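Chain nomenclature is as follows: A, B and C, assigned in order of appearance, with residue numbering initiated at 1 for each chain independently.
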Amino acid sequence: MVLNTAVLPPQAPASIAPAARRRGRSRGTAPGEPRLVAYLYLVPALLMVVVFVLLPVLHTVYLSLVKWDGVTAATFVGLGNYVDILTDPQLRALFLHSLELVFFFAVLPISLGLLITALLSRRAVRGMTFYRSILFLPQVVSMVVIAVAWQWIYAQDGVANQLLGLIGLDRGIAWLGDFTWALPAIGIVGAWLSTGLCMVLFLSGVQKIDTSLYEAARLDGANAWQEFRHITLPGLRAEIAVALTLTVVGALKSFDVVYLLTKGGPGTSTAVPGYEIFARAFGRGEAGSAASLAVVLTVIIFVVSIAISRFSKEPEV
Amino acid sequence: MTSPAAAAAPRLTTGGRPTAIPKSRPATPRERLSSLTTHIALIVFSVIAFLPFFSMFLVSLYPADQPAVGIALPRELNFGNYARAWDVTNFATLMTSSAIVALVVVPLGTILCILTGYAFGAMRFPGRNLLFFTFLFGLLMPFEATIVPLYYDLRAFGLVNTYAGLILPETALFLSFGTFWMRAHFLSTPRALVEAARIDGANSWQTLWRVLLPSAWPAITTMMVLFFIWSWNEFLLALVLMTDKSVQTAPAGLGLFIGEHTKDSSGLAAAAVLMSIPCLIVYVVLQRHFIRGVTSGSVKG
Amino acid sequence: MSLHSSRRSRTALVLAAAAAIALGSAGCSALTPGAAPGGTATLAPATKLSADDVTALGDVTLRMTDGGDAAPESRLSQSIAKFEAEFPNVTVERDVKAFADYSKTINLVMSGDDAPDIAEADGAMAPRLVAGKLLRPLNDYFDAYGWAARYPSSILSSLKASPDGKAYGTGDFWGVSTGGELTGVFYNKAVLDRAGVDLPATFDDFQAALATLHDKGEIPIQLGNLDQWSGSHVFSTLLDNTADPQGLQDWINGKPGATFTSPETKQALTTFKDWFSQGYISEQANGILDEDAVASFMDGQGAFLITGTWRTADISTTLGENGGFMLLPPKEEGGPSYATGSYQGTFGISPKTKNADLAAFFLDYITGPVAASINEAGDFLGWYPDENSAPAGTAAEDVQTAWASVLENNGLVGWLDSASPAMGDTLFPALQELMAGQQTPEQVMDAVQKTWEDYRQA
């Protein structure tokens, strides 16, 4: 997910655009000069986006209105697929799983990132370039490779149990096959992917906060928590919004990590909407209902990104 | 990748480089303690980030009869795993396909994104916001579903199982991000620079290439590295759109290995390491520029 | 701003509407390409070629795709190599994918204009390929080559499918098969000896053996069910020996009125669950890869392994004389045993091919006695029992014996997940939930039957 989505480039948030627009407005003009030549610069790229992104999306919307197995003739069913989605209690469970993943993919990494940032005394850290390179490494390698590595880690005789054994907690659980632990186990892979990203983001963000703010706070006798609460946190608002959008959207869209690690199992305990879409479209020949689920998921992702952008607008985090 | 976002929601407090940290003042004990804690924490997280790769690398050197169990050193080094993985997956062909795709996607995407980023970041024209949102769309939609219609649409164009059939949609998807990223960069370019060029009689094209581009290289390098990594690692598109063996890319090939040889864990690990090497090389060689670009490259507020 | 944005969103709406209309007028059928219901493709008449005819064809390329074993030593690779050596003017271009990827993309591949001439299919893929008219009816070639005589009746019925793909046993032949496979019980004699357990001859003995093995600290049944399908083989093997085999086959074939729900099914589900909760099946089964479980079994962990004969070669070579195979013991000693199993290596011909006659000739060759004779590992279950052979005293030999007895008793019952496209997605997770006590046998039974009915009503 996040940067590493084997399928897609990272979900850079649409929510950020309004921020830029606000800024433009506050200066009274949009950036740049009025120039119609701009269209010429956009044409080639726009053509590609229309043909290879927008048309397939419109096509998906059309498919969501039919019943189609992918090979025989389709039947038009109107909003029937959507009604099915709304009345299917099992689908609700999938969205709840996504919600749990949001905690692991977003809340945990951002909290950890902030914790590290808070520990940092705003001095240059020797070897920071090295740390950053390592922390960022999970984003560089293919999800296929990562999945293989984590499958071994979670095996009954894998590294996870080996480490737990060091503190006497190895119960011989095969993590990906346990109804209670499989979803958190997938979540931890997501947290592992995005923690480095969040840290790199926050650590560089904090370097840009005006030092004099801290000096002033110290003169006023502020303690470490107050410094963090009143200077660091507000100063990182933009980075937090970015991290939040990336990771939350990543959690909602998650597909490959589930596809490669558990295929939704055991039972359906790790099934998420992204995986269900794929399973319906490719496994069961339900292209229409898969498309309607995709439309619903896209709408949810849009709403969430907009909500996050609204949130990041508030003066207090 | 994050910097686009950071740039688009620019910080107004400071500009550019990290604020210089006063070095003359000796560190207080509290600061020393804090620095120590920071190092310990960073080391712990670095180890965690690195551990899965390390364990995989170890497994790739195991002799055939050593099972992949926990973290353990190879009983003896067996480089034969790499030769086997190379042969079984026909890696030479896979790598060639991957390289062809990446070597077109990266420059093509880069050039298009420079153009769109320039238009969105430095010009004003009717429909600007609507068009920008059009570009952003690709970043938010879940791709698992649109791939079915995409397949049929591409087939209508006769593009399935051709390099173009993977290159074009991949580039189009990356355009969403790249446009976003380069726009952020050009937004942060001082207006005076553009105006000066104009007074000198440069047209928009000349302004872009002669005046703006030289200072845009850090942002462009970062974007190119990301494009390369994403293109190289692309799995689902490659799996569905490239069903013919002769044009299959490396991740799909690794998928075949997983499907057929799971019990050959050392061979699988070796294949995984092999397919990661190009990205690691690009990353390691360019990581200084890259990380700087990611974290602050275009955050110039 | 608000004025602006509302104008913009109106523009967006208008654009979207225009695009939708444009798409609509472009023809909805182009958006959902598929066979028109009742449409018939005109096929060139079938001719049975002789070897000389083939040689006279000049340079030809046959393109095939499958989800089998790409290794050069695999049977299919060897048969193709033999064919190419015998007919050097024919080049076979083979595209192999990992099975899971293959099954997900085969519909797309076969519906393309450049579909390969020959494609592998199984009971789960065939229905949609047939309904989409992506496989050529093979009745004429079945007649010309006399293929029907090769197969036992249960196999022959599953090679036929109704035009809508929803029922087997009626309609046209869609594929021709190389051999068969079945599930049964591999055992490790060393582990049984260690626990002082004799090879059970009845089902009750088998259950008693499980209890003893468990008490002695052995893993009675080794299972890796992280992949989700492997557990279903343990269950279906149980089910075939509990419920009425013909009733099950009818249900799998989609015969109207057939049902999964029965006291016998419930009993089989209960036994499966009990085995797991009593510790007769590996405790962490749901988190272990199938491959890893097989490796553990061959490493001496586990007395029994209930899986398919595709594991024969590995187990037979690794365990040697300690390895053995039997069908699940019958209720009464000497009674008939049933096994889940079906055809494998089954290929159909694309209706779009220009080389149908050559494709049929090639399929006759690679599914015929030549393939059966490539049998060094002894794991191949061919339709020509005389060609089958295996090293004496190994699991492979036991497998051949079991195969012969099943063919004789007509004791093969098909894969449960062939019953409908969504059946695997319903049954496999449900079995895992049953194991974990999250579903009752009744709930599993009802969910499975509902999936079957939903598919047939649609």
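As a convention for this text, a contact is a pair of C-beta atoms (placed from the backbone, for glycine too) under 8 Å apart; a residue touches a chain by one contact, two chains touch by 3 or more.
Computed from a predicted model, the values in this text were never measured in an experiment.
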Work through the pairs of chains, note which ones touch, and then classify the graph as line, ring, star, complete or other. complete
Have a look at A-C versus A-B and report the one with more C-beta pairs in contact. A-B
Whole-angstrom distance, CA centroid of chain B to CA centroid of chain C, is 39
Approximate Å spacing (C-alpha centroids) for the pair chain A, chain B: 16
With chain centres taken as the means of their Cα atoms, state the distance from chain A to chain C in Å. 37
When you check chain B against every other chain, which residues touch at least two of them? 129, 133, 149, 152, 255, 258
Could you list the positions in chain A whose residues touch two or more of the other chains? 54-55, 59, 62-63, 70, 155, 282, 287
Each of the following residues of chain C touches two or more other chains, namely 31, 104-105, 108, 289, 292
List of chain C residues in touch with chain B within their complex: 8, 11-12, 30-31, 33, 65, 69-71, 95-101, 104-105, 108-109, 112-114, 289, 291-292, 294-295
Touching chain C in the complex: which residues of chain B? 67, 88, 127, 129-130, 133, 149, 151-152, 155-156, 160-161, 239-240, 243-245, 252, 255-256, 258-260, 262-263
Residues of chain C touching chain A in their complex? 1, 16, 19-20, 23-24, 28-29, 31-32, 34-37, 103-105, 107-108, 111, 128-129, 131-132, 134, 164, 225-228, 283-289, 292, 421-422, 424-425, 428-430, 432-433, 436, 438-439, 458
Flag every residue of chain B that touches chain A in the complex, lowest number first. 1-2, 4-6, 8-11, 13-14, 18-19, 21-22, 27, 30-31, 34-35, 37-39, 41-42, 45-46, 48-53, 55-56, 59, 68-71, 112-113, 115-116, 118-125, 128-129, 131-150, 152-153, 168-169, 171-177, 179-181, 184, 187, 191, 194, 204, 226, 229-230, 232-237, 251, 254-255, 258, 265, 268-269, 272, 275-276, 279-280, 283-284, 287-288, 291, 294-296, 299
Would you pull the chain A residues touching chain C in the complex into a rising list? 25, 54-55, 58-59, 61-63, 66-74, 76, 151, 154-156, 172-179, 182, 262-268, 271, 279, 282-287
